[in-house]
Structures are given as structure tokens and as C-alpha cells.
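Each chain carries a letter (A, B, C and D) given by its place in the written order, and its residues are counted from 1.
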């Protein structure tokens, strides 16, 4: 594969296209004009959520680099009378709570979360993946330090009010007449083109593609984390040029990694490298597209205002999100 | 205050209004019709971010119940050659990384975050505050256990695609001809009415009020966490009835707690109790409204499509958000 | 079982024995005289570690209340040149690192850990378990608030220099001529007595019993977390009176919960209730006793100086430890 | 300083002394004979704790690379009746708790901790500091990856049952007739020698030096985190050769960094580099030596059995500890 893939990388590469200092990549395609047009697709006011839960029951295992989020209460409904126990115990924070509880009937609950930023529904920042020592637009890989991504961090997206634009669902599973694609199934550019055609939706520059494989339901049914990852169907890296030709702004899929997980031609995550590093195109992963798929099938309308803002986390290489499709 | 405040509580209380099982409160006011109408306000396609950073430099102290978020890299740009060191060290996760790095040039970065869910820009869930043993709609306070809020958790909002609707900025600071309100300043219902009038914006049921005090700039300038909290200006609890009369869906402010922090009439957070527990109205806190304020002052348009989706965290009593105002 | 067990609870209860305010329980038995005598058992100077790793590969699952620890680097060996990337990025912490790296050749590594305090080798604090609304010595269960255990926290142990004393290994597996006990095997008081007799070791008041079942090797071999928990062999609650008669100070076992996990007589963790709540006796769990077992079998000496200090974590209901047996 | 310091580095360097593969450094000096002899110093059975609290009120700030530990309850005394709220809510973990609470009266508390491993009382692992691209014994700095220290991690110590040995207190503050040293005070080798002489204690190879400056009381009195760090008194790097001559196994101090914090001769942490990287000698920091100092002053006995076992955290570059001095 090496040669062919590297030639594709040359062709899709957007380095310098939006300036030498650009850190936004294809999100530059989300121009005000396009956002305004996208908003006109929100005609009925249905806001359809596209996120999976951030909880203990997600697709991460017990020992890997990513784990399921841990949610812990700092104070809760069992503590209404806790001030009685704080006398002579603890420090300033305990005294503050006791003081608050002494000034009126107000009681409160508070909580923490510990999470890998890509544990569940997410955007990859452009800093998430690199090869040959370089990130998107030629930034050195070493710019992503232990203190965070000093370049191409997700705050670059958040501080520009993204990601908002016209979303287009390509329901590949439905097009194949399946509830979900089979394990290992590969989706190539011709199929994407065919799905769009069959759905009667015309792609436009700056579109955000939302591609339904149905694979999330495999996890919901079986809860087998390792299998869900390893056997995931998804896009072929050969979609990259097609995405570049259509000037797609971003792609999100209801699987773990947008692309098929089994290495095509023996190479790990070839589409990640082309999308994030060469094109500068964010990838959305672990989305839940079941409700959206049903809705679009019912009314035959496959585009919508997609609102999936990145959290403003300086230096982060990914972000948890709660995307909504507004039709 | 007791009597007066408790009488107001009776009057604003929305319990049962949307059914005995309701867990959404005033977000029920965000009907499809209103969302569709709100989308028509996104006329120019400018997406203005309203969030502050989730990082080490936020308004939380070193020892309190809430701390500034901790962002840590799980793997980064200094690890391109780490596979060489993993031979004979570690377990399955290390072997997996080594295996990935052996199959092609792909290298990746990944990260974690540890955060109080209300450390920075946020929505309070209705389960955040209670009194007299009861939460909104009469749910018992003990329903918020150490395992999470079994009722009124933020996932109730996320799973319905909220929060999306028509946002209206009330720029109180600008109306007072100030960069920001002074410490301890109290904003009452008459002033809100006056600001809306002066701005020429008519409030409608289901509006999401975004109120600018400018107080966030106090933190940016001084970085004094404790002072920023204690001296915060904000709404009077006497705004509750006015909010109820206008059927406002939610209120967000660029201060730590929407309401003035110094206890009015000696009671802690009286508006929190009325809003979250009696009205069932979410509160948005620690927003950055500087860019939005300037934008609205320039074009004289004070309403917009507000998109501030809650993260889908089952049982959470608040959620980090990255709200955008689309004009 | 109810009656019988409750009668045993009455008999073993140590409430008031060391004063109404006591928070140490049977650790009061670790008198200076006994500690000094215990030190004389460290005759050869071998320090044998008894802890399992605190890492991603431990016995906790992917979704439970306890998870395997997460270890993350805050800065590492890939960051030697990171100062070059920090110019104009980050805040005070980043500037501090850059400043340090500018003043000489010093480079450093630093790390974080996120862990359930009882994820691996541990002591249960007396505040870990309660019933009928009461903790050891009659403290109300509500004294363990969301802000921590205001009574009977592990700091009570740490601030008194514990746990140090004479350890005695009872190698039940070896006595049964097994590498490890079978799943579900129950060990009663007569067997403990018999093992001590066969080993030729005389128990004394204040001894810390270290009981080897070999069950930790089941986890090492199979890495089946759920099975390791559910099928765990261990002590019967009927050992409680025997432990009380011998005035044992603490018991530690190489299994998940000291006692057999399958509920005896249909009741969950009956020995936990008797030990922690009635006797005030700490329990040590998830120890690795393989090396110690082999060492004692070789020289026939089954007692030693046990040093297993609790971390000083105010309000904690358990503590990670790294116990050593010094022979 | 450069020349002089680099020459000292050559002289104190222990690389290869205990073999090319050695990862223990001066802890090799803790031979069984010496440990056995150390145990004879535990004559009265007093176990004196030397650790500070791991809590929200420690010496770490609100935004730095290290923060104060966060302790959160996963379940607590306010949850005795929580099973009633779990019906139809949550997943397997919730069902498990509900099931446990249905099988008998047992109720439990559980907790988490999030901490920088060097937030409070600690040992530095040999992997904590490096220069010129090399760690102790010539291991490459890049061996400390984002996945942890693949060489010289703290588990190397823990898995050998360390740290246990003869501790010797050098009470510098008392020798100067001060409650504590003044900010910035530097302690050189002659003073250490003089303190030992005045105390009448003879140093032996393999001793663990515990040096009291009294600086911890500065934090307790003022709680000024930044000042406590910046103004810290401590050892001069010129102590390194003296430590090497005496074949000291480890050094622990009641200050943030063993050595004086203000850069001597403009170089950051010169003693760290000599001790950890060249000598292979662990450093203990943020100890509380007030009780030990008083005890030794009273009975005139300055040596003891020191037991300060490292937690077994694979790949960690430091470890929280709860050291005890047994006299």
C-alpha cells in the first residue's frame, strides 16, 4: 500500500491552503454564509441528540489507555445534615459548607468526573494523530508535549465557535438494508456517493458528513468492548480523496474510529493520518445515530443544522461532545 | 426575608405543570416551534463562543470542593519512539501501543481530564440544589445518591437534545455605562425590564436569557479566585417572579452563580432555590459574554440562536459546556 | 443465621473497651512493649514485600464502583526540549517549567494517580463498613459524609504510627497441601487453630494475622476479575469469636475480602460487620503472600515484624499500602 | 559553578557500582545485615509517624503541575437507603450495590483519590530527575515515557521490600537553637558533620539520613504555598560528596525539595541531579519531623528503625508514603 497511500496523501494535503499559521484545517470551510444557510435547515425545530452516555458502561475496558469515565459526587442528597459532623473536623472547605448550610435552608449537590477525553462521543483535534514527525500544516509532533498540545489543540476550534454547520446523514446501513453493517465491513467512496444519490441529497463544500453504520447498536446489544473495537466496520482510507474533492469539513461516524479498524493493507489507521494530519479534517467518533437515522428515513430529509461545539480545553487533543442535529 | 421569599416560592413553583414525572422543568418551554423560530435568528452565520477555558488557570482555588481542571496527556509527541522501551515492560495496553506503532507510521496523542463538572462554563442540572428535603417537582433530595442523581440528572436534558433555543442578551453592564458591574452590585427585575426596553428586544416565552455583568473580566484582570466569588455582582432573588411571568426557559450569566453572591437578607443562594428547585429552571454560570456583548452593541441585534448542549452524563448535577450564540 | 450471628456480634463487640472516644479499635493492642518485641523477630534483615501492583492490570473491572488505578505522567522523558514549545503558550505553570529548564541542565519527570483507595493492597479503615446505622464504638453512620469519614478515618491509624507489630503467617493453602484453596472454600476457626499448631507458632495478643489462601495466584493466572471476586475462598464469619479470644489486632488475606465472598447463610460480608464494626479490627485485602509463604516454609519461622503503615489521608475509609514482613 | 559541580558529579557517580543493570542505586546499601541491626534500634516500641496529610490543605497551589490531592467518596453514610432509588436507574454496578444491600444489613463506604504522586510526603524514584539525556546508571531519559518509567520506576524499590533501614535524625534546627531554619538558609556538609557530632551519633554505611529544618512548621503556620516553596531552606549540593563518602542510602527532609530551593550558583536543583541521577540515591520530601525531633531531643537517641515502604506503582517516578520511625 505504501506508495499508493503516500501519493494520496500528497493529493489531499491541505497544508498552507489557509495560511502557514492555520490551526483549523477544513473547519475553515465553515464560513458564515454556509452556517447561515445551514441554519435554514432547522425548519421544524426538532433537536435530535447524537451522543452516547459518558458513564461507567461505555466501550472502554478495564486496563487500556482509555477507560470509561468515573463520575463521583463531591456532596449529595445524603448530606443535608452533614454540618453537624463537621464541627472540629476538616479545614476551610468544610467550614465553608457548614457556613452555607447555617445560612438558610439551601442544600446542594456537586460532582466530579475523570475521563479520557475520547472515552465516548468526541471530536479528534488535529493534534490527535501524526506521522513522519509532523502534524497538520507541518507543525512538529513535539509541539504536543506532556503539558498539552501547544499547537492544534481543541481550543483552536472552541475559540472560533465551532463546530456548527450543515450536517448531512449518509445512512449506509439503511442503504444496505441492514440494521447495522457487519463486523469488518469496509465502506468506500463509491458507496458514499451511491448513498447520497439514493437519498437525494446533494453534497456541498463545508458539509459535515455524519455516516451511520449502525455499529453502536452492536455495543448496546453485546457490551463486548474489545470486540466492538476490533471488529468495527468503517470507511476505507480510499474515501480520503473523495472527501477532499467534496471539500467536506468534518466526518463523524457511529463507530470507534470512523475508519474500519482492521488495518487495511497492514497499516494502522491510514484514514486518520490522511484526514487529521494531511487534510486537517476533524473526525467524530462513537456517535449514536439511531434516532437521527430513523428521523431522516421517515421524512426523507437528510440534512440539518449540526451543532457540536468543542469544549474549550486548552491543549487537548480531543473533546467530549454532545452533538445535536436540528431539523 | 423568610416570609416574603417563601411566598414568592409558592407563586413561582412549577411543580406538576408539565406532569408529575417531569424532569425537564422550564426547558419544556423549548418547543419545536420556538426552536425553529430561534434558528431564523442565525441570519449571518457568525458563531460566537461563550465559554471560558477549562484549564489550570480558572476561578477555583487550591483546596475547595471545586478545583481547577487537571489535563494530563496519556501519550504525546515525545513518545514517537516509545515502542523501543516497551519490550518486556508493561502489559496489554503497552503491547497494544507497541503493536500499533509497529504497523505503519501512525503515531497518536491522547489525554485525560479530571474536573469538577461545574469548574468553569456550565449548566446547573435541576438536581444541583434543594431545600426542605425536596428537589424540583417534589422528588426527594435523597434521590441524589453517591452514585449520582437518580432523578433530575443532566442526562434528562442531554437526551432531549437540549439546550437549544432563542437566546436574548441583556447587557446590564453596558446599560449602566460600565465595563463591568461593581462588586456586590444587585440587579433587580426592573433593571432587567429596562435593559430589554432600551435594547429594543421583546421577550418571548421560552427565551434563554444571557445576562452580561462583565464580571468575568474581573477574574481575567486580577486572577483572585476568592474575591471573584465573594464579591460577585448578580441577580436579586426578586427577579424570580419576573422570570416566571416571562416564562423564561433558562438564565446564564458571566459570574459565578447567576445571583449576587453576598447573601441577600442573610440567606445563601435564594435565587438558586427558587430557580432550580421551585421553577425547574436551569442556571448557566461562568460564561464569557465579552465578545457577544460587543457584537450585539455593534449591530443592535440582541437575539440569536443559542446552542449549549449538555453533555450526556447520567446522574450528573451539572455539565461543562461550550455554548455558542449564532447570529 | 440472623440470631446466631447477632449473638456473636454481642460477644465480640469491643465498644467502650478503649474508651468512649476510641477510634483505633484493636490496633490499641499494638502496645509499645509488643512492638518492641515484634522488632526482635527481624533477625535476618530480610524485608519481604506483600503488596500487589497498583496498575491498570489489577482485579477491578471496567464499570464497577472500583476501577483499576490510572497512572498518568505530568511530564516525562520526551519533554527534555519542551521549553521551546512553551513560548507564548500556557500560563504560570508552563512558564515555571520553562524557567527551570532555562536554569541549568536539570530535567524532571512527574506523575499523577487516580485510584479507588481499595483498588489493590489495602487496609480497610473502621469507617468502611456499618450496619443498623452505627459504626464501630457507636459512631453514627452519617458521620461518614461525602466530605469524608469525620470519625474513624484512616488518618486515625496513620497519625499513631500504625500499622506496625508482630505478624504471624497462617499458611492455610500449604497446610491443605494445595497451591491455593479452591473457589468458594471456607476457612473456619478450627482450621486456623490447626494451622497455627502445625506450624508451631503460638499466637499472642496483639498479633497481626496474615492468612495465605493462595487465591492471588488465581488472578495472576486467569486475570478474570469478576470470577476472582465471586469465587473467592476466605474466612467464615465464625472465625470472629476466635479472633476476639486471641485478641488479634488485625487480619490480612491474599483474597478480595478476607472472608469468603459467597454470602454465608445468605448475608453479605458478615465477617466485615463483626470485625470492622463490632470488634473495631482492620482488615487487609488483596495482599500477595506467595514470597512470604515460601520463605516461612523454608525456614520454619512464621512470625516477623510486620510494617504496613497507613497513608495519612484524612477522612479516608481505606488506604493503599505496601506492607513488608521483616524477618 | 559548572566546572566544580561537574567534577563533583564525576566523583559521586555510582554508575556500574552495583552492576550494569542496577535500578536500585544506594538502596543496595540496605543489606540484610544492616536491616537486622537497624531493627535492634526499635527498643521501646514507639512508632513515630513522619508523614504530612494527603488532603486539600497541603502545599500545592491551584494551578501548578502538582495540586493538592482530591479525596472523593464513592459511597458513604448518607446512602444507607440508596437501594430504594436505584430501581430502574443505572447499570450493573448500581444493581450490584442494590443486591448487596438487599442481602443483609451490611452497608459500606468507599472512596477515591486523585493525586500527584509527589503532592505530599514522598520518595523520589531515581527516574524523577535527569540531565544530559541520561538517568541513573546511564539509562536513556526517553525510557521514561508517557506510559511510565520503563526503567528506574518506584516499583523497583517496592518489589524489593524497601525502604527499610537504620534512620538517623540530624536535627539542624535544634542544633542552631531555632524552631526552624530561616528562609533560604543553606546547610553544608560541615554543619551536617557538626550536628552528628553534637548529637553523639556515629554514621554508618547504609544509614538513611532524616534531616530536620523545621520548615514544615512554616507551612502549618502561614499556609502560603508559593512562599513555602520558593523560600525553602535546605541542603547545599556541596553535601553530595559528604553523603557519598558516608555511603548514605537515602536522605529525607521536612522541606519541599531536600536542597535549598533558591538556585545555588544559578542552577536549578543541583543536588537532585547529583543524588538521583549520579549517585542513585532517593530523596524524601515534605516529611513532618516535629514529633521525631522532640522525641530524640528528649531521650538523646537519634537513631531508629525507619520503615518507609514505597507503594508498588509500576512506572511511577515517585511515591506517596507514610514513613514511621520505630524507636
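Simple rule for what comes next: contacts are C-beta pairs under 8 Å (C-beta built on N, C-alpha and C of every residue); 3 or more make two chains touch, one makes a residue touch a chain.
Fair warning: this is a prediction, and the values are worked out from it, not measured in the lab.
> Going by residue numbers, if over half of the contact pairs line up, that's a repeat, so tell me which of C-D, B-C or B-D repeats A-B.
The A-B interface is reproduced by C-D.
> Could you let me know which interface, A-C or A-D, is made of more C-beta pairs in contact?
Top pair by contacting C-beta pairs is A-C.
> Can you work out the whole-Å distance between the CA centroids of subunit A and subunit C?
The separation of the two C-alpha centroids amounts to 41 Å.
> So which bits of subunit B are touching at least two other chains?
Residues 55-57, 63-65, 70, 72-79, 82, 91-93, 97, 112, 114, 142-143, 145-148, 314-315 of subunit B touch two or more partner chains.
> If every chain is a node and each touching pair gets an edge, what shape is that graph: line, ring, star, complete or other?
complete
> Which residues of subunit D touch subunit C once you look at their complex with the stated criterion?
Residues 30-40, 42-49, 51-55, 63-66, 69, 71-78, 80, 91-93, 96-97, 100, 103-118, 120-121, 127-133, 135, 140-149, 155, 158-162, 164, 263, 266-270, 272-273, 305, 307-318, 320-324, 326.
> Can you list the residues on subunit A that touch subunit D in the complex?
55-57, 65, 70, 72-74, 76-79, 82, 91-93, 112, 114, 146-147
> Any idea which subunit B residues touch subunit D in the complex?
56-57, 60-64, 67-68, 70, 73-76, 78-79, 81-82, 85-86, 89-90, 93-94, 97, 114, 142-143, 145-148, 150-151, 225, 314-315
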